[in-house]
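Next come two complexes built around subunit A: one with subunit B, the other with subunit C.
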Partner chain A sequence: MNIHTNWIKDSEPQATVSSHRLTILLGLCLLVYPWIASPFFTFQVGAQALILGTIALSLSFLAGQGGIVSLSQMTVAGISGYAMAILGSAEPTAASLNLGWPWWLAVPAAVAVGTLSATGIGALAVRTEGIYTIMITLAVGVAFYYLAQQNSLLFNGFQGISNVVPPILMNVDWRAPLPFYYLALVVAGAALSAVTYLLRTPFGIALQGTRDNARRMRALGFHVTAHRVAAHALAGFIAAVGGVLWVWYQGRISPGTVGTGAMINVLVVAVLGGLRRPVGAFIGALVFVLLQNFAIDLVSRERFNLVIGGVFLAIVMFSPDGLLGLWQRLRQSWVRASSA
Partner chain B sequence: MRKSVHPNPLSNNNPEKTMSKFFRTITLSTLAIVLATTLTSAYAQETLKMGALATLEGPFTVLGQDGMRGVELALKEHNYMAGGKKIELIKASSNATPDSAVAATRKLVEQDKVQILIGPLSGSEGIAVKNYAHTQLQTTFLNGASAAQETTLSNPAPNFFRFSTDGAQWQVGLGSNAYQKGYKNVVVVAEDYAFPYSMVQGFMVEYCKAGGKVKDKHWVALGTKDYASVIAKIPTNIDAIYVALGGADAVNFLSQYEQSGGDKPIIGSAVTVDQSVLGFKGKKRDGLIGTPSAGPIADNDPSPAWKKFVADYKASFKDGFPSPSIFAHAYYVNTKAALDALDAVKGDLSNNHAALRKALSTMTLKTPTGDVKLDSNRNAVVNIYLTEVAKAADGTLYNKVVHTTPNVSQSLGLSAAEFQKMGVGTRTNPECK
Partner chain C sequence: MKLSPVAIGRFQPALWAVLPVLALIAAWMLVDNTRLLALTVLNGLTLAGLYFLVASGFTLVFGLMRVVNLAHGSLFLLGGYVGYSAGLATGSWLVALMAGFVAAALAGVLMQRFLFGRMVGQNMRQTLITIGISIVMADIYLWVWGGDTYQFDAPDWLTGTVALPLVHKYAEFRLVVLALSCVIGLGLWLLLNRTRVGMMIRAGVDDKDMLSSIGVDVERLFVITFAIGAGLAGLAGVVGGTVLSVAPGEDVRYLLASLVVVLVGGMGSITGAAMGALLIGLAETFGQTYAPTYGVVFTFVIMVAVLAFRPNGLMGKSA
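Right after this comes the complex of A and B.
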């Protein structure tokens, strides 16, 4: 057993003293950020990047550590978001059903609905591999998109459900940029720590084993299917929490939130940042949000999508490991240069 | 923790030096990011920021581009000055979904700090932007071309002004005309969102009253590319098809219908046989000649103001349509309203734009299609043209005027009580099978 632990520990980049200090410094910067940035940057860039990063984290966890590329993470977030909108929205819209539950009932219910759906999707997709997993999760996502678009009673069709906002608790309006940013930061931090911790548990290591060689794991006696479904459920829980935050961030939800564009955006974010380390999802999300907001200021109004696509293409071509991989290679060449 | 027996590739002889090098880089880059985010561009007091939002992505891209042309034309006429201040135009893009419109609006209002925003283009976007406007009372919002009824009928925002009109207003005159042409039974093919609901209601109010029957309504998702299933469901015992699709959807449906051998006459909604569709590059649809339609503009309107507008449009935009579309016109009218009102109050934006908003609510705007005034919900009352598609001498298709209905308001000529009873258009309202 000791030999195995050593081998696994050595194949990961070692946590040096400097990278601990780096984490602390980063954490401090994130805490202080809203006090120096404008409300727009706190809310539309900071909070959005954190929430999008959380949803992308669920995909990067499944793909990078579980070997399952699931396109339906945004769908899970959307299911939980719609559940939140239907259960918790105060104002009834024209045709849809709104129950107006209090937040402490609506949020756990929405997250539970999201996690259950993720488990269901996982059970569907678990016996497939590679591209077939992508296809089946994509199919589930598109089916949900059309359901949301065509159903007026529950989902209010194309218009979607608006006026879904966080509650006013303890005299704080959680929709204001500062409190919402901290809420998103706490959730993102919790998700990141949970995933990082999980990777070192026996379950996490077994999951990575199923990623590397499922047959061998089966031969060793591990129940690969159960591990994968559990991974889907855990990732689904993270995506569901992200989904509730996402609908609170937008103030509304509509079929566009769960369309193919949105589903692929989450994949782009995860790959952009790097699938190998969990924190890559957040880096990818930050870059993506910045591009989305400011590409139109860099190039002509008609061609700004080219910038987004071009950056994604460039990063994937020069660093299949995403931005994190680029960063690690830079670090290593630095270290080698300074030690030479 | 057991020490590793393998050499650590990251170890070196001088860890302190590497660490401090790291620190320096991290601190410097963080500082750079922080500085970049806090730097707001300082502009002179004499510049007024105006935002323009249109659909520059998705199925309505071509419409959005024409909308932007309308904005630029209005600004050009004013020499990019209004109320003594220079106007700086900032453009943003959406893709007809409410989410993208609100995200783009938020960037314009909260990051770029525009004082006046013109947009959006699509019906559902308009409702979402209006809801957002409620929370941003320091900015004045004018409509682009969005034409859902609820934008100004349900919970209107005091800072949202619509100098263009809604879909139901656009169809006034068409329903009775269709019945008089002998079309006693029709089916409806429309996109499934707020704006087509308004147009269908505008058509059906008169059509059902005259005695016509709408056998079936086919609601398709915005951006549908394949209409085979819809076309298959169109029965043979109807007289015409009322098509309320726009942009790329209209082009796809009309081509596929013709290719499948369909020969029922088409009744076109305001956006279905608008220049944005008639002007598409490809085989000219001669089958469309004679199609009745109605809307706020008519391509061969004889009034001198309209002729000047068309001439200016053609001279300024070599890549535009043969004649301005509804969207160029709507964006032009709304932008012109903002600029004229700014001139009237001499650029006074104090007190949350109080003087400007009063001017907008009470002014009579001179447009290429006549005078426009706003009603109590800040929605326009305009002339609506009944038109028919015809072929010009140079082979292009255009809409020629058949009849003009003056002073059409949102209540469509019904009394307030009657209109309240009918309610706004939805998938199932109204019905006359």
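Right after this comes the complex of A and C.
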């Protein structure tokens, strides 16, 4: 068992009255935010963090609750994004195979394709445990990256597919910062609530059981493999929805979207925020996006990876439960200091 | 390949279905263009040699310490870059080779001493650390050596071509790579099976706690193993930079190659790494020659097929 993820497992902290109040306050802030912030902060920071957080949430769910650290969540998002681009884009200069489906057909189809491939990856990855899973999912992800880069018929090779935009619906341009922010907020909120709810269902509790002691769960009669594949499928669904939003946010998709850097960034985001609680993914995403946009002021633009890599290293070494864990420890020591 | 009769029995239907197809394809290749086939096989073997050099270090480190070193590709690049600078300064390829080995080995020792040694048994955390290191290292390389592609010049006595049957002429250095990987493979086998350190490493793979309790300094053993494993990656960086090239992004390529090779061959097994390298090197070269667009898919299909039948790889022991 020692190859397992001992350091990320912990029971859910009990929700208290003050944390409920905090949640409502945070929700209000998020609703009001775009009316105060500039379009740049609404779109580039707000919406991007929400979408990246949604994709990272899928990993946070898998890793934090299932003990499965998968690096292929960005690949799943990318597959769904590519499906969206191929099915939904009618731009004649895009891929040689563009079907121009209406959005209400293309979006569910893209999400289904993403979820299905996540299930396939999961079925392959569950044959292994712990660190092996990282290796297999990394190999799968990089293989998909090379495939997308070399295939021109479906993926349009290196250039990828551009002009993939959300539809204009009810006289609202959903690409405009304000509507897009709310779209991302609704999706992120739904995903977060779904994961939080899932953790309290019998399935969620059984999944945490397989994370803590798979052998014991097996002895108790649980089908551990089925639980893990189901977790992959559920996480894949969230990542696939995030992938559709991600391709809409960027307006295009290319192999770079699913490259190794992007795959690892999802892990960085999830670990940065903390894997113990689902909301950590969004905190990590916000910090990541802020660093990405403002690291230029600290160091030169080219050295962003040095900054984010360094921050990631520091978090893994000194606060394995991420920024959330750091915050909790600070608050605890503050409470202790003030009560003493 | 050591397969138990039971395992072969399980493979049989799949084997009977695939073999005639493969034989047919091979026959077509032989008739169609014999020289191309021979050339592809030779190129595949040299690529396999290079992959074995990289992957053997990876699997050695994993076998003993259970550290999945995702910074292994970065060590490869470090060896390549430092070797290039050293070669440029001295004009000697052998110095470059040594410098590549030493630089990567030193980096490996530092990583083991200051990072992994502090979190023994926390494999997931160690793996995450290696990811962080690879991000930081890639950026530092870009800073120091820029985004250019570097290529080494092999020494004069190794360049040129050799006359071979079927392929007529073949680059001498590629044969040297093949020979070098065989020598290193043999050396590793001798080290593991015929020396005291090798005995301790093998004992450590089986039971670290017991080894430590009979008085072996396991920490020192870890440092030695990490130095050898990382050094091999650095050495491969110089060799790879001579056969192919050294450039940003190559770290990921060789990390992927190492991952697939050891997943196919079985984690922690040197023999497995050799077999995996052969399979993957040949598959990649054949893919590039006969189906250029889908070369990487062959590699992937092999990995999936092996994992489907033997989740621990060809030579892997069940955990």
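Criterion: the second predicted complex is superposed on the first by the 323 of 340 C-alpha atoms of A that agree within 3 Å, B and C clash if a C-alpha of one lies under 4 Å from a C-alpha of the other, contacts with A are read in each partner's own complex, and residues count from 1 in each chain.
We adopt the following convention: a residue touches a chain if its C-beta (ideal position, glycine included) is under 8 Å from a C-beta of that chain, and two chains touch if they have at least 3 such contacts.
Keep in mind the model is a prediction, meaning the values are calculated, not measured.
Participant: Output check: A:G310 vs subunit B and subunit C. Expected answer is one of first, second, both, neither. What do you get?
Facilitator: second
Participant: Check the residue A:Q150 against both partner chains and state whether it touches subunit B (first), subunit C (second), both, or neither.
Facilitator: both
Participant: Going by the contact rule set out at the top, does A:R127 touch subunit B (first), subunit C (second), both, or neither?
Facilitator: In the superposition, A:R127 touches subunit C alone.
Participant: With both complexes overlaid on chain A, does A:N293 touch subunit B (first), subunit C (second), both or neither?
Facilitator: The answer is first: A:N293 touches subunit B but not subunit C.
Participant: So, A:R200: does it touch subunit B (first), subunit C (second), both, or neither?
Facilitator: neither
Participant: A:L22 in the overlay: touching subunit B, subunit C, both, or neither? Say first, second, both or neither.
Facilitator: A:L22 sits against subunit B, while subunit C stays out of touch.
Participant: Could you tell me if A:V69 is touching subunit B, subunit C, both of them or neither one (first, second, both, neither)?
Facilitator: After superposition on chain A, A:V69 lies in contact with subunit C alone.
Participant: Quick one: is A:H223 in contact with subunit B, with subunit C, with both, or with neither? Answer first, second, both or neither.
Facilitator: A:H223 contacts neither subunit B nor subunit C.
Participant: Residue by residue on subunit A, keep only those touching subunit B in one complex and subunit C in the other, then list them.
Facilitator: In subunit A, positions 2, 5-6, 146, 150, 152, 302, 305 sit in both the subunit B and subunit C interfaces.
Participant: Inside the complex, what are the residues of subunit A that reach subunit B?
Facilitator: Interface residues on subunit A, with respect to subunit B: 2, 5-6, 9-10, 13-14, 16-18, 21-22, 25-26, 29, 33, 36-41, 43-45, 94-95, 146, 149-150, 152, 157-160, 162-163, 250-252, 254-257, 259, 293, 296, 301-302, 304-305, 332, 334-335, 338-339.
Participant: Applying the document's contact rule, which stretches of subunit C touch subunit A when the two form their complex?
Facilitator: So the residues of subunit C touching subunit A come out as 66, 68, 70, 115, 121-125, 127-129, 131-133, 135-136, 138-140, 142-143, 252, 256, 259-260, 263, 267, 292-297, 299-300, 303-304, 307-308, 311, 319.
Participant: Across the complex, what residues on subunit B touch subunit A?
Facilitator: That would be residues 2, 4-6, 8-10, 12-15, 17-19, 21-23, 26-27, 30, 34, 37-38, 40, 56-57, 65, 68, 91-93, 95, 97-100, 102-103, 106-107, 110-111, 124, 127-128, 131, 192-194, 221-222, 426-427 of subunit B.
Participant: Can you name the residues of subunit A that touch subunit C in the complex?
Facilitator: Residue list for subunit A touching subunit C: 2-8, 69, 124, 127-132, 134-136, 138-140, 142-143, 146-147, 150-152, 260, 264, 267-268, 271, 302-303, 305-306, 308-310, 312-313, 316-317, 320.
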